[in-house]
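What follows are several structures.
One chain, chain A, appears in both complexes that follow, with chain B as partner in the first and chain C in the second.
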Partner chain A sequence: MEIFFQQLVNSLSVASVTILIGMGITLIFGLAGIVNFAHGEFLMVGGMATWFLVSAGINFFIAVLGAMILVGFLGFVAERGLFRFTLERPMNGFIMSIGLSVILQHVVIRLFNEVQKTIPDPIGQVWVVHGVDIIVMRAIVIAITAIVVAITYFCISRSRYGLALTASIADPDTAALMGIPVRRYVTGVFIYGSVLAGLGGALMIALFPITPFTGSVVIIRGFAVSLIGGLGNVGGAVVGGLLLGLVDGLSAGYGFPEWTDAYSLVLMIAILIVRPQGLLGGTLGPKAS
Partner chain B sequence: MIKLIAVCAVSAFTGVMIQKSRAQDQELKIGVVAAESGSFVSAGNTIVAAARLASQQINDSGGINVGGKTYKIKLYIRDNRTDVNVTIAAARELVNDIGVTAIWGTETHDFSVSMAKITGSAKVLQFSGNSSLGAVLDDKSVAPGGWLHYTFQTEPQEWQRSGSTAEGVLTLLTPLLPHPPQHSVVFVGNDATGQYLSSHYVKALEARGQKVDLVKYPPDTTDFSPLLTRIKGLNPDIVHFWYNGDSTLTAFPQALKLDVAPSYFLFGVDPGIYQQRQLKSDKPVTLSCVPVCWGASPSPVVQEYFKKYFDLGASKGPQSSVSLLYYDYFFMYAKALEKVGSIDKPDQIVDALLSMSYQGVVSPVPLTFNVHHQVTFATQVSLVKPGTSDQFVSTIQQPPPSPPPGDPGG
Partner chain C sequence: MILAFLIAFPLLNLGYRFLSLAITTGVTAIALYGLGIQFGQAGIMSVGHAAFVGIGAYTAAIVAGMFGIGFWLAIPLSIVMSALCAGMVGLPSLRVGGQHYIIITFCFCALLQIILTNGGTFTGAATGLDVGSIDHLFGINFDQLRNIYYLVTLVLIICLVTTYLIINSPYGRTLRAIRENEMLARAIGINIGLHKIGVFMVSGAFAGMAGILQAYYLRHISPILYGPFPSLYLALMIMLGGSRLIYGPLIGAVIVSFLPEIMRLDPIDSRIAYGIGLLIVVLLLPGGVSAGLLDIYRRLRPRSLK
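For the complex of A and B:
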């Protein structure tokens, strides 16, 4: 029974970083209409930046902020310098983002070499509750994810900006006529999604080592989460992330362990056949004006 | 005017002399195919670095004297971008367009086999550090006319390495455990190499009285906690993290936090990396490297090699030691060329390699190739003193004389 509860706790921590990645993708893909395959590399850059700052003696939590700012700026440059020119032709943006992901991998290799990077566990404690090991840093990652989800959900569904953003997606032309700066909103969403990737990378390196190729692995799960939940739907990303985390945790524990990835992707395929719009429904991205 | 004429004459004479000197030094074209980009870059870079160090040392010491001519090595390095198609294209270019006499590489079995189909038909020698080549190197394939006649496996056969590793791990861990270990879990990445290597290692452990459970993980796994929890539920005496150093370095700290087992073995994790990462366990941990460790080698020759290797700017990573699967064979090849007296007689060069022994860096005993073109050397296994990151006890284990029951060899 202890092993079962341990697997549930594991599932929750597996889910948390996935939710952060999925949420960034769902915002950028679902709300800005940009398929950014380099989003995983944005996460990797966040992790590498955190490693660099922590190695230079900076406190981990300050380094997290630094990584978020850096990746947010990277997102701003990428949106203004690249993706802005592909809003009319999303496939061009998609191919461009694949190129960007390879470029970012090799820029990082050039700067820091190819060897995986790690930092000491910022907390380094384990709580043992009724025989279940709870790694404190993982609990903190879960808590940070919950806070970020709550803030994002509030901003999208309750704030004035969120309503304007929703209007921009529903009918960009009318929204523009009513004075909503649609393109500026696209930039804002892209930067926010990138900041989330920076946060995800910073938290990830507190749990696992990161290599220049980490991004290309996590991006698949990020897209799976955002599609399962429904593109553009923050709540959907949370549901999708929890579902994948649970499937991963329990299948690794009780199924064929080497098929762990396959279980969650089969689930994604099944959900998309039954509910093409995702579990909680979503958008297909705005029609850029 | 006279001064000007004198200067011109001296310049012309100097130029002629330089050209003459260059003309005397022939160029020995050697290809290197390795991943300098893509996901195998950690291993690929070590091949390139080893090739650069070896060729620089050979050239600096005067080159290779073959049939009265002095040859200097010129490397033609090609990035395979961790892509088998690029590997094939690079091998074709090196063989057909550039005309190399030998190729070093690659970091993975599938790529090496693909390349061997090109080098073999062109009678170009190939040196590949993949123990899994043992699955295809046999009497027929290495015979004259066989497709692997010109291919050499520069890593010991897997049953040998598995046997020496298992022996070293059990020898070092047994005195530190409350009872002799009986139950091992081998935790391995589920790719072609992982499957091949673990099949031999499981047999080696079983031959030493261990009940073995094999748990495979998807190769790109980062969060191992669900799998490690499953392993914890099996109550093993030893968890063996097998084959991929990078994955092991991700999984092992998680295993420590989840308190998965009373002892561990980490394959492909150098003591230097263990120390660099400041890993620490109150449980006994053993380590082994492919093929010898740069972090805690008892051999001064190996220590000197790695000093020169890192001085060239190579990275200190889990796979740095892989460079020693490639370095010595440059010198061995040079000796074979000198013995044959020609760079254009590949069959005689193969015979020369098979008949010679060479005292290299990788092994305290001279390297020799067996009839299947495979080398044999010992394995270093190190024990980390519990509670420390930088104190190691190392043992050098010789390979067993024959494969264990149920292991087909290869």
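For the complex of A and C:
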């Protein structure tokens, strides 16, 4: 039983990072209508920035902020410089984001190298609760994720900005006529999603090593989370992330670890075929082109 | 002219490096023609195309290993196997469209890589499988690189001609009707489902052919060759070259394979250049380089006539 709880705690911290990236994708894909394949690379850049800052002797939590700002700026540049021009033709935006992910990956390899990067555990303490070891950093990751999820959820479903955002997805033309700056909202959502990716990357490197190729692994899980939960649905991303995190964590402990990645893929394909709108329902994303 | 160049290419004696590069390009172009029909004509993008190349390659390797079936007999097997798998992967496209389907193809591709890696001795796990050499046919020895080059060129030309015939046939027009307006196509009595699955199978068949050629050219295949990343690169090449015109896929493959070599970029720089080139092409030349060239040609021609 203690092993089970141990696995559960570990899975939860993995799930937190997955939730963060899934939430970014679900917002950008479902609300801004952009399929950003480079989102995983944004996360990787966030992780690399954290590593760079921490190696330079800066406190971990300040480095996290730095990574979030950097990745947010990256998102701003990408949206204004690239995706803005393909909002009418999402397929081209999708292809472009693949190009962007190739560029980011190799620029990072060029700047640093392709060896995996780790930082020392920023807290370095372990709580023991009834025989279950809880690494404090993992608990902090879970807590930060929970706070971010709560903030995002309330902003989208309760604030007037969230309402305006929902309106501009439902009917961009009418929303624009009502005085909502639709394009500015698209940019805003894109930047917010990117900041989440930066945070996810920064928290991820506190738990595991990151390589320049991490982004491509993470992106599949991110899409899985957002599509399982329903696009644009923050609650769905949380459910999807928990589901995937638990399936992964428990399969690593009990099942066949070498098939771990396959579970999320199969789950995602099955859900896309049976319920394209996701488990909890969401927007169908941008119109198929 | 292009044909003459293709045949004369080995006679230029540019050395082993360029000849093997040309073979890789040819194999890639064959696979790209499949994707070209699927994306350019039917308008269904896939980022899992390398999976079907992989299925073709692994089919050839496995039948060679288990039953001793050589290259020539394995060709139809690989093609059929890839086409069947492509048809199966195509089934979800009847229900989900657009970007959701692209993500599904990506998942299938990642899934295939995991299956191949975990397949034990049957698929050779992560290290992959070794493949023998191509059997002699009509006294031609395919151990020589130059003869493999001619074989690949021949297949490439067959693919070009097939693509040309498909584009200019009623079948091609049907596919374009589906691309432009699926509802309208359905309304005038086109069986959308049948044609979509059909085009996936055609596309898969091209990929299977590319796969078996690649397996016998490289002599060793491993799952890493057929994962999501090679698939993404195939998708990028088709966008770069342009998918709707007959020479588009070939141009895409040539640009991507030869440009870094000619400009002497190392792999990392060339990938960066490749990505930037893609961004520029998508933003400025949505039809790809081939459409861009055609456009320039059309603009220049009337002027010279006047």
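Quick note on the criterion: the second predicted complex is superposed on the first by the 283 of 289 C-alpha atoms of A that agree within 3 Å, B and C clash if a C-alpha of one lies under 4 Å from a C-alpha of the other, contacts with A are read in each partner's own complex, and residues count from 1 in each chain.
The working rule: a contact is a pair of C-beta atoms (placed from the backbone, for glycine too) under 8 Å apart; a residue touches a chain by one contact, two chains touch by 3 or more.
Every value quoted in this text rests on a predicted model; they were computed, and no experiment measured them.
Of the two partner chains placed by superposition, only chain B is touched by A:T214; chain C is not. In the superposed pair of complexes, A:Q6 makes contact with chain B only, with no contact to chain C. Legend: residue contacts after superposition of the two complexes on their common chain; A:I135 is shown touching chain B, with no touch to chain C. Residue contacts after overlaying the shared chain place A:L82 against chain C, while chain B stays out of touching range.
When the two complexes are overlaid on their common chain A, residue A:T118 makes contact with chain B while staying clear of chain C.
When the two complexes are overlaid on their common chain A, residue A:A56 makes contact with neither chain B nor chain C.
When the two structures are aligned on the shared chain, A:D261 is found in touch with chain B and with chain C. Comparing the two interfaces of chain A, the one with chain B and the one with chain C have residues 105-106, 109, 216, 258-259, 261 in common. Residues 3, 6-7, 10-11, 13-14, 105-106, 109, 113-116, 118, 120-121, 126, 133, 135, 204, 207-209, 211-214, 216-218, 248-254, 257-261 of chain A are the ones touching chain B in the complex. Here chain A touches chain C in the complex through residues 35, 82, 85-86, 89-92, 94-96, 98-103, 105-107, 109-110, 216, 220, 223-224, 227, 258-259, 261-262, 265-266, 268-269, 272-273, 276, 285-289, going by the rule given at the top.
Touching chain A in their complex are the following residues of chain C: 45, 47, 92, 95-100, 102-104, 106-108, 110-111, 114-115, 117-118, 228-229, 232, 235-236, 239, 268-269, 271-272, 274-276, 278-279, 282-283, 286. Interface residues of chain B, counted against chain A in their complex, comprise 37, 39, 41-42, 45, 190, 215-218, 220-223, 225-227, 229-230, 232-233, 246, 249-250, 253-254, 257-259, 277-278, 315-318.
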